[in-house]
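First chain A sits with chain B, and in the next complex the same chain sits with chain C.
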Partner chain A sequence: MVFRTFPLFVRNRGPDELWRKRRILKLSAHFHGRSRNCYSIAVRAVHRALVYATKARALKKEDMRALWDARLTAACEEHKFSYSLMRESLSRCNILLNRKVLTDLAIWEPRSFKSLVKLAWSRASQDGLNGVKELGEEPSGVITRGMIK
Partner chain B sequence: MSNNNLFLPVGFPRAPLANGVGRWICQLQRLTFKFCKNYPSSRGMREFLEFELLDFTKKNPGIVVYVKPRRHRAPNLTAEYLNGEKQIVDCRNFSYEEVKKWVSLLRSQSGRGTVRLLKMWHTDHPSIQGPWSPFVNRDPKLNWVEFPNEDLSQPIYIEKSATEKLIEIFEEQQRIERQPKQE
Partner chain C sequence: MSIYKRAQQWTTFTRVWHLFDAKWQNPFESAKIIQKYLAGLHKPIYGPSADTGDHVVVINSKEIALPGDEWQKRVYFHHTGFAGGASWTFAWELHEKDPTLVLKKAIYNSMKGNLYRHTKMERLHIYPDANVPQEILENVTNQIRRPRLIPKRLDEYSEEEVEKFPKLIDYPEDYVIQKIK
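== the complex of A and B ==
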């Protein structure tokens, strides 16, 4: 029984309450405990979650970059070369491949990646970069005819 | 909280059932034009219906077109696809060109709906040279090795001891001293 007395009207904040709350509870459907069902608690949790999602967009880029760096270091070490030397040499050869593409090559086209490492090594030895000599003799098979400048 | 299924569903670019690889089948089943004969917001749609509709229907005999003149309603394009998806485009105050573009978009869409693409490409053959495995860059002689093997059990890198380094430095010094001095 709904009593249409004055006190009850005070609590009537409008017809849209259901939709306002549903908008929030839809986003909290996978939360733990009361945060998924009780509106007052869910609102706080949802707002925090949205803030985290916003902040994470920049973090995701950082994480991916760190992952690519780790993978490329491992791939270069496999060929007994150094990642930093490879980056420097490739940029000197004007091969402007970014970390993402290099990682994809290292995973899906290992032979192409190996040839890139060889090229980088030749360029590094040619330019006399710091640390090339310690790595040993450069791999054979890079035919430059003096053209890599 | 992940962005995934809450605001926009997520997926990769796909041609469902490889539509277009062999024969292309238009996924649009039904197109409904709802407009008002009088109100100015339907003007673009009225112009489209007057000039372009018959050409469109002749070019696309597989699409069923319904025209719904409804008084005092905002104009509307409803597209229904073969997989049951429905898309409604509100055409209020659209120009004739805009309606035309939307119609051509709806015709060329698959019924998949709007999806947040995780990658902007798709390939069934990501690798031509064969994907990397730990054995790709290793010597194939390892296939014939019998274990236990003494050579392979050695550590990969043994650091030089201090004594060895001193001996090297000493021998280098001796070598320099023995060189004939140039006057």
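== the complex of A and C ==
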């Protein structure tokens, strides 16, 4: 390619316009209306969509966290225990299960979850955490050979 | 899907019917509890789009207790849409017109205003007293714990219990005690 002047060299944007546009239009293939096929509209819509996608990666993590919290609150209340106390006591017992695993246990292995609640409850009342006494009597039958400390 | 798995799916997502006795309960406090059951927030399988909510049958809504002087101070607003169509109704007035409405509005307002709200309200059955139709009552399998204990009134104690209760002083003979009706 021959560029007679410097401005013409700057304006040149690559070998082929078709392939540059095609790259954008492939991303807009599933859009609605003219933003699917008309390039000047499509390129704006694609840029917006990519911004949304970037933001949504962080939002998805927040949403999942909120969902797990809601599910775990329900699971703890089934056993008349509180979720915040459960988290605190489990970390004190050095049981490092995250929200996702705890939720999966609550749904698919409710008895394992119940035993975790029992363990957390006895740890909470042993350490005298705030608000344990209001929940009532701690569950009996937690045998740990002194490993609860 | 095997038959066992299918049955497990049905039983997991079956709608449960709960009973709630609203006698002497604060409707705004009860609303927060009831709306959890209507939305399915009491189950670990909860999902915002899974529709895991249950039915709640509320009885004795006639005997709810508003805190403080809310019966006189709380006002419900309605507008017909025409000019001069605004109206304000006190809580005690509304309760006289329909003894289920104060509780119903409390539950409605405790929910988020989205498209699921009407579906959830459809699953709420409020009755002013304990007369619930048999076809509704036969579904009920669970009772929701009331947030407030109902205290026992003095006239509900037997005379023997009143006599036994330790007392500090004896009233003078000419002292007139007002009887509770």
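Simple rule for what comes next: the second predicted complex is superposed on the first by the 130 of 149 C-alpha atoms of A that agree within 3 Å, B and C clash if a C-alpha of one lies under 4 Å from a C-alpha of the other, contacts with A are read in each partner's own complex, and residues count from 1 in each chain.
Going forward, a residue touches a chain if its C-beta (ideal position, glycine included) is under 8 Å from a C-beta of that chain, and two chains touch if they have at least 3 such contacts.
What you are looking at is a predicted structure, and each value in this text was computed from that prediction instead of being measured.
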Quiz item: For A:Ala74, is the partner it touches chain B (first), chain C (second), both, or none of the two (neither)?
Solution: second
Quiz item: Which one hits more chain A residues, chain B or chain C?
Solution: B
Quiz item: What is the contact status of A:Ala106 with respect to chain B (first) and chain C (second): first, second, both, or neither?
Solution: both
Practice problem: With the two complexes superposed on chain A, say which partner A:Ala53 touches: chain B (first), chain C (second), both, or neither. | Solution: first
Quiz item: Touching A:Lys26 in the superposition: chain B (first), chain C (second), both, neither?
Solution: first
Practice problem: For A:Arg36, decide between first (touching chain B), second (touching chain C), both and neither. | Solution: neither
Exercise. Considering only the touch criterion stated at the top, classify A:Arg92 as touching first (chain B), second (chain C), both, or neither.
Key: neither
Quiz item: Which holds for A:Lys118: it touches chain B only (first), chain C only (second), both, or neither?
Solution: neither
Exercise. Using the superposition described at the top, list the residues of chain A that contact chain B and also contact chain C.
Key: 78, 106-107, 110
Quiz item: Which part of chain C faces chain A closely enough to touch in the complex?
Solution: 41-48
Self-check item: Contacting residues of chain A [partner chain B, same complex]
Solution: 26-27, 30, 46, 49-50, 52-53, 78-79, 106-112, 114
Practice problem: Enumerate the contact residues on chain B facing chain A in the complex. | Solution: 1-3, 6, 126-132, 136-137
Self-check item: chain C partner contacts - residues on chain A that touch it in the complex
Solution: 67, 70-75, 77-78, 103, 106-107, 110
